[in-house]
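Below, subunit A partners subunit B and then partners subunit C, in two separate complexes.
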Partner chain A sequence: MTSLFEYAPAPESRSIVDIRPSYGLFVDGEFVDGTGTPLKTVNPATEEVLSEVATGSEEDVDRAVRAARRAFVKTWGPMRPADRGKYLFRIARLLQERAREFAVLETLDNGKPIRESRDVDVPLAAAHFFYHAGWADKLEHAGLGPAPCPLGVAGQVIPWNFPLLMLAWKVAPALATGNTVVLKPAETTPLTALLFAEICQQADLPPGVVNIVTGAGETGRAVISHPDVDKVAFTGSTEVGRSIARAVAGTEKRLTLELGGKAANIVFDDAPIDQAVEGIVRGIFFNQGHVCCAGSRLLVQESVHDEVVASLQRRIGTLRVGDPMDKNTDLGAINSAEQLARIRELTAFGETEGATCWQPDGDLPDRGFWFKPTVFTDVSPAHRIARDEVFGPVLSVMTFRTPDEAVAKANNTTYGLSAGIWSEKGSRILKVTDQLRAGVVWANTFNEFDPTSPFGGYKQSGYGREGGRQGLAAYLRSDS
Partner chain B sequence: MSDRLTVRKTYKLYLGGAFPRSESGRTYEVHDTRGHFLANAAWASRKDGRDAVVAARAAFGKWSGATAYNRGQVLYRVAEVMEGRAAQFTEEVAAGEGLSTAKARAAVDAAIDRWVWYAGWTDKLAAVLGSTNPVAGPYFGFSVPEPTGVVAVLAPQRSSLLGLVSVLAPVLAAGNTAVVVSSKERPLPAITLGEVLATSDVPGGVVNLLTGDAAEIGPWLAEHADVDAIDLAGAPAPLAMELERSAAGTIKRVLRAATDEPDWTADPGLSRLRPFLETKSVWHPIGV
Partner chain C sequence: MTHVLDPNALADTSGGTGTLPDPFADVTRSNDAFRAFLHGLPGVDQVGAEARAKVLGTRSIKTTAKAWALDTAISMVDLTTLEGSDTPGKVRALAAKARRPDPTDPSCPAVAAVCVYGDLAGVAKEALAGTGINVAAVATAFPSGRASREVKLADVRDAVANGADEIDMVIDRGAFLTGRYLDVFEEIVAVKEACGSAHLKVILETGELVTLDAVRRASWLAMLAGGDFIKTSTGKVSPAATLPVCLVMLEAVRDFRAATGRQVGVKPAGGIRTTKDAVKHLVLINETVGADWLSPDWFRFGASSLLNDLLLQRQKLRTGHYSGPDHVSVD
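Entry: the complex of A and B
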């Protein structure tokens, strides 16, 4: 890609990770063979097969759930809360100690830039364990009554966009509240979860407290529909979320869902434009746009539209797309061929429906799955690129004239996960924030996460929260 | 005993602040527990349900946008007006539920007290369920509870007033608007409650009360794309499962029914407020 600046390659070494040729399932504290047909996990930047990973069958899932139940009844449930906390502190520290290893492995398996896995995914995952470790012996202060109880066995299914971080968001609160876990990682990104299994062993976590069953959709279905699972937590697409809610209907299982989004990023005419442009880029191109809360709908006040779009295109021209292992890379690889096909399909709709497509000049690598950062202007709210979640580096730009119109357009979606506001006026920020129907609102920033800040959706972006005191409610039976 | 012939009440729906008959023109007979005729109730249809959702959605912005203090005052006013209607409620509860006058009066008193209890919650929810979030960065982070939106409520079948109030008041205290399907066999206190709401500064459309069969209207509400949540309190088990499955299509928040109708006199805590509240987390910049 032509750029204002040429950089020498600065690749991170992959020698720090030792990827085994094959992996089993992690059940009851040890690696065991799966009885399903193993799947191959691929580096999406090179299409190189990284490893062969077991697929958990219904029977494997049953073994994992039974191990989790035993651990819940015999060790983890009865354990002193302070000791549960200490195990979680150990895990947090082990993640920090082996951070580089996790970052490299995440980037190889997922395709995200090493800069992001190193500076965001892994540190935040450790922070989530550290935060929740402290809660383990303070649950009587969680606002759920003097003696809230764990639910039992949690079945958790996580996506491929932040494999380790989503594991942390699921496992840390479940364990801190005294539950045990059967976790199903995404089929295209299982490796950091399996490395996490080694961390559990190094921490001497009692067997069965964390069980990791790899596989695809069938394995996930087996986890969520197992009759001895008390709690289901899912992060992924709204479509799969619906089928899970249907499957759980009529049972005693508790359910939380963190689903898709189509976030509005609203730029008012008084916004600091350069800062807003950085935030727009961060909002939609962070993690190749594989972010449920991505700021994929840019709403710009009409009077600054041309200035913002010109500045945005200039900035996108300097983004480096390519080798995720290069420390200068801004956009890595699309996670899979399937996802690339979906992004291509939706962007093709954008052009046929009459929006104007812009991409920077430059070449993409020959092998692997790639998509250029893309900006659509002349977008109407009825266009599919303004309504459907693309889950890729594709931004749709629309305009507004008044704050009321901005709010109406921002809320004109079935989703409600996140939103952004850019303005120098604090009172306007708070007024618009109040009117937006979204679970997270970022003002003059975007895509910030913190374990103390509850995260989750309104409307069809799901229900339940992860993080903060509010997030604990998903894993506890309130006695009040 | 006076020989004056009493003026009987026509029981209609309470919808969008007005008292229409069912658009279907249907009514059904309501009897006391001994089988004596009490009244004809409007038999609400699917279309009445849809009209009620439209009214509830239209009322949501104003009701959810009112200050918590104002919502608390309006809800407290409801309790005041209920108190004045206590004799009528008592008569309806006694006849419909087969209770002695004293027991019916106790249920009415509990319902009024429950309403007062929820009226006092409106301006405490943010303090109890919200937070400031000490995020690791230059932001003032805070989380606030906000109403979910339009809530469909299938009211309990047995407890016709205390049960109804116990499921409706929390939905309103949290700032939501409601579409309620009353007890099928015991619908009369619901319509009298509608008359109370209509004279209590509760804006029209905030509460819409339909008398009729939850099994008929419930499925339409469960799949309606403009209903955000559903309380299944009055749905029997097989229907409840069907409605929960149907609600999954639009990712509705579902409050499941207990296996048997609970003791409505028990302290509900936050159990009926939490399900109809969302949490919004805000990151506000800090800088000079």
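Entry: the complex of A and C
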């Protein structure tokens, strides 16, 4: 935007983290070799190979599930709840102590800006462990019956967009409620989960309570379909979620799914415009738009459309796109070549279907996977970019005239994960919130997360809640 | 509602001919109309504004960028003394520092202005003769502004007669908070007239306005009345300058220029004591209104102790090691 005040590069040092040339699986408290063909994990900002990571085969998964079962029966299940809480507190503190290490590793492996991994992902992950540590010895007060019991072994499969944070969302409630886990991180972002395994060792967590089995889709399938898994938790695409629901159908397994979204961010004409513009930016460009609850559909009241769009474009012009390790970067790299191809495909549809595409000036790095922040105006609700989840930094702008129309358009999606409302009028916020079919509704903010607040979707965004008192229910049986 | 960001919103209906139409020419036709206009400005969500200021506060300004920021910040300082105990000697000492903030380094820029009470403006003027450094004088019964308009205008005329190049006035916060916006407006217009060719900075005293909505309204009021700068605070009320307040004022000058074509400066004053604070403000300008405001013509820091911290950081950057407070002059 300006050449007068150019920020000199301010790179975070990567020397704080020691990436090993290869990693095994974390089973029964130690690292073991996997029997599948190892995967390479790359830095999406440079395409440099960071490390080679084992792939868990069916036998490996079986070993992990058996270790988890043993731990559930022998150590973790019978342990005094207050002692389980102590372990969780210890893990939370270790995450804080090694926060910089986690932030740097997350940014290297995922491509997200260091500012976000440092200020959002890692502190929130620690907060989830702290929060659930507090619940460990108070479960009988969670409103889930007088003596709720753990389910047993949880098989958990998590996505690549918030690798450590999604791990925390899964592992913390499972352990706090007395379950043991077998977790499969995403194939493109396994490294922070493996560093977390080191934290489990450092915390002296009994072997088998947390098992981490890396690999791709096959490994994930083995985890969720293992007959001795009592509970399946998945966060990821709706497509995979559907196949998991099919695989689990007819078994005794309990299932929670946190899937895609196409959230509406609704800006009324009485909104605080400058903050709404900030919220729109945060809604869609946070984490390169790789956020299931991203505010990817902007619904603006017609009377302020031009003003909001002009203001938004000016603001997007100030976003700093580039090296994720630079502390001043706002928008980092797209996580994988595959995801970049999908974003390109869907945005190409946007243009052929007649929407107007806008991107700010500026160059992208030569190497790595990049996509400019993109705004589509003149979008019709029938366009694919208004219906399909892009999972990238692409915003579709539509208009409405009345609150009823805003609600109708916001709900006109197969998803229902989140929504945002911008208005200075409290009564309007409350009324519209009531009518929105979305699991999370933000008022005058967006993408704000807290472990005390349950998170989850309606419709094809999945079922079950994570976080808060409600999130405990997914890991407890109240009938015993 | 009229869209304040649309410069043609009222011009279309005014039917005016010839000169550039002022889109806001009729908003001050009555107090009610003015109130409707000011309250029709988009609201400010305090939580959101604070969050934005906080994120910008995390920018990491290093090496060449820091060197540029330090010199720019020094050149934007209104070196200030506003004490009952001020004397001609103290003002002359400050003027000497203003000319050569770092006597050991001739490459260090001079500050923008020296800010004093009106009765000492003449002393400052004489001490700064030929330097290009302006003399700013506070006036209008500073800091409370509680005096009759005649007294305030006399205060202004006296300061201008003593040689002030810039007048820092205070608005009537009592009138503003009771909704007598037109009174506040007319007073600023009168002061501006009394200033003659002197530049007018309008102090909103945001610590007494409290809400960011009020800050935005007061900013627009002051700009419409002809203020050349809008300034946060007198430095006598806490909180003084804060990043969220400065953010809202920057948004106001940005929107005002978009609507009218006239650029107004911003001066946070009071409470900015460290280089870190100053750099955060420069980042705020850079990413809110852009490079057009990154000059002493359009942005000032009202400060006294800030300058020494800037000088220490500047020495550190040049020599690679920290010196102590005895390496800069005590004012």
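The definition used in the following text is that the second predicted complex is superposed on the first by the 474 of 480 C-alpha atoms of A that agree within 3 Å, B and C clash if a C-alpha of one lies under 4 Å from a C-alpha of the other, contacts with A are read in each partner's own complex, and residues count from 1 in each chain.
Keep this in mind: contacts are C-beta pairs under 8 Å (C-beta built on N, C-alpha and C of every residue); 3 or more make two chains touch, one makes a residue touch a chain.
Being a predicted model, the structure only gives us computed values, none of them experimental.
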item	value
Touching partner for A:Pro403 - first (subunit B), second (subunit C), both, neither	neither
When both partners are placed on the shared chain, which of subunit B and subunit C touches more of subunit A	B
Partner chain in contact with A:Pro81 - subunit B first, subunit C second, else both or neither	neither
Partner chain in contact with A:Gly134 - subunit B first, subunit C second, else both or neither	neither
First (subunit B), second (subunit C), both or neither touched by A:Gln460	first
First (subunit B), second (subunit C), both or neither touched by A:Gly468	first
Which superposed partner A:Thr445 touches (first subunit B, second subunit C, both, neither)	both
Subunit B versus subunit C as contact partner of A:Pro381, first or second or both or neither	neither
Subunit B and subunit C footprints on subunit A, overlapping residues	444-445
Subunit B residues touching subunit A - in the complex, by the definition given at the top	128-129, 131, 133-137, 139, 141, 143, 148-149, 225, 228, 240-241, 244-245, 247-251, 253-254, 269-271, 274, 278-285
Residues of subunit A that touch subunit B when the two form their complex	127, 143, 145, 238, 241-246, 249-250, 257, 259, 414, 426, 429-430, 433, 436, 438-445, 448, 450, 452-456, 458-463, 465, 468-470, 473, 478, 480
Complex interface listing, subunit A residues touching subunit C	1-10, 115, 119, 269-275, 278-279, 304, 306-307, 310-311, 318, 327-328, 424, 444-445
Sites on subunit C touched by subunit A in the complex	1, 3, 5-6, 42-45, 47-49, 51-52, 58-66, 68-69, 72, 251, 282-283, 286-287, 290-291, 294
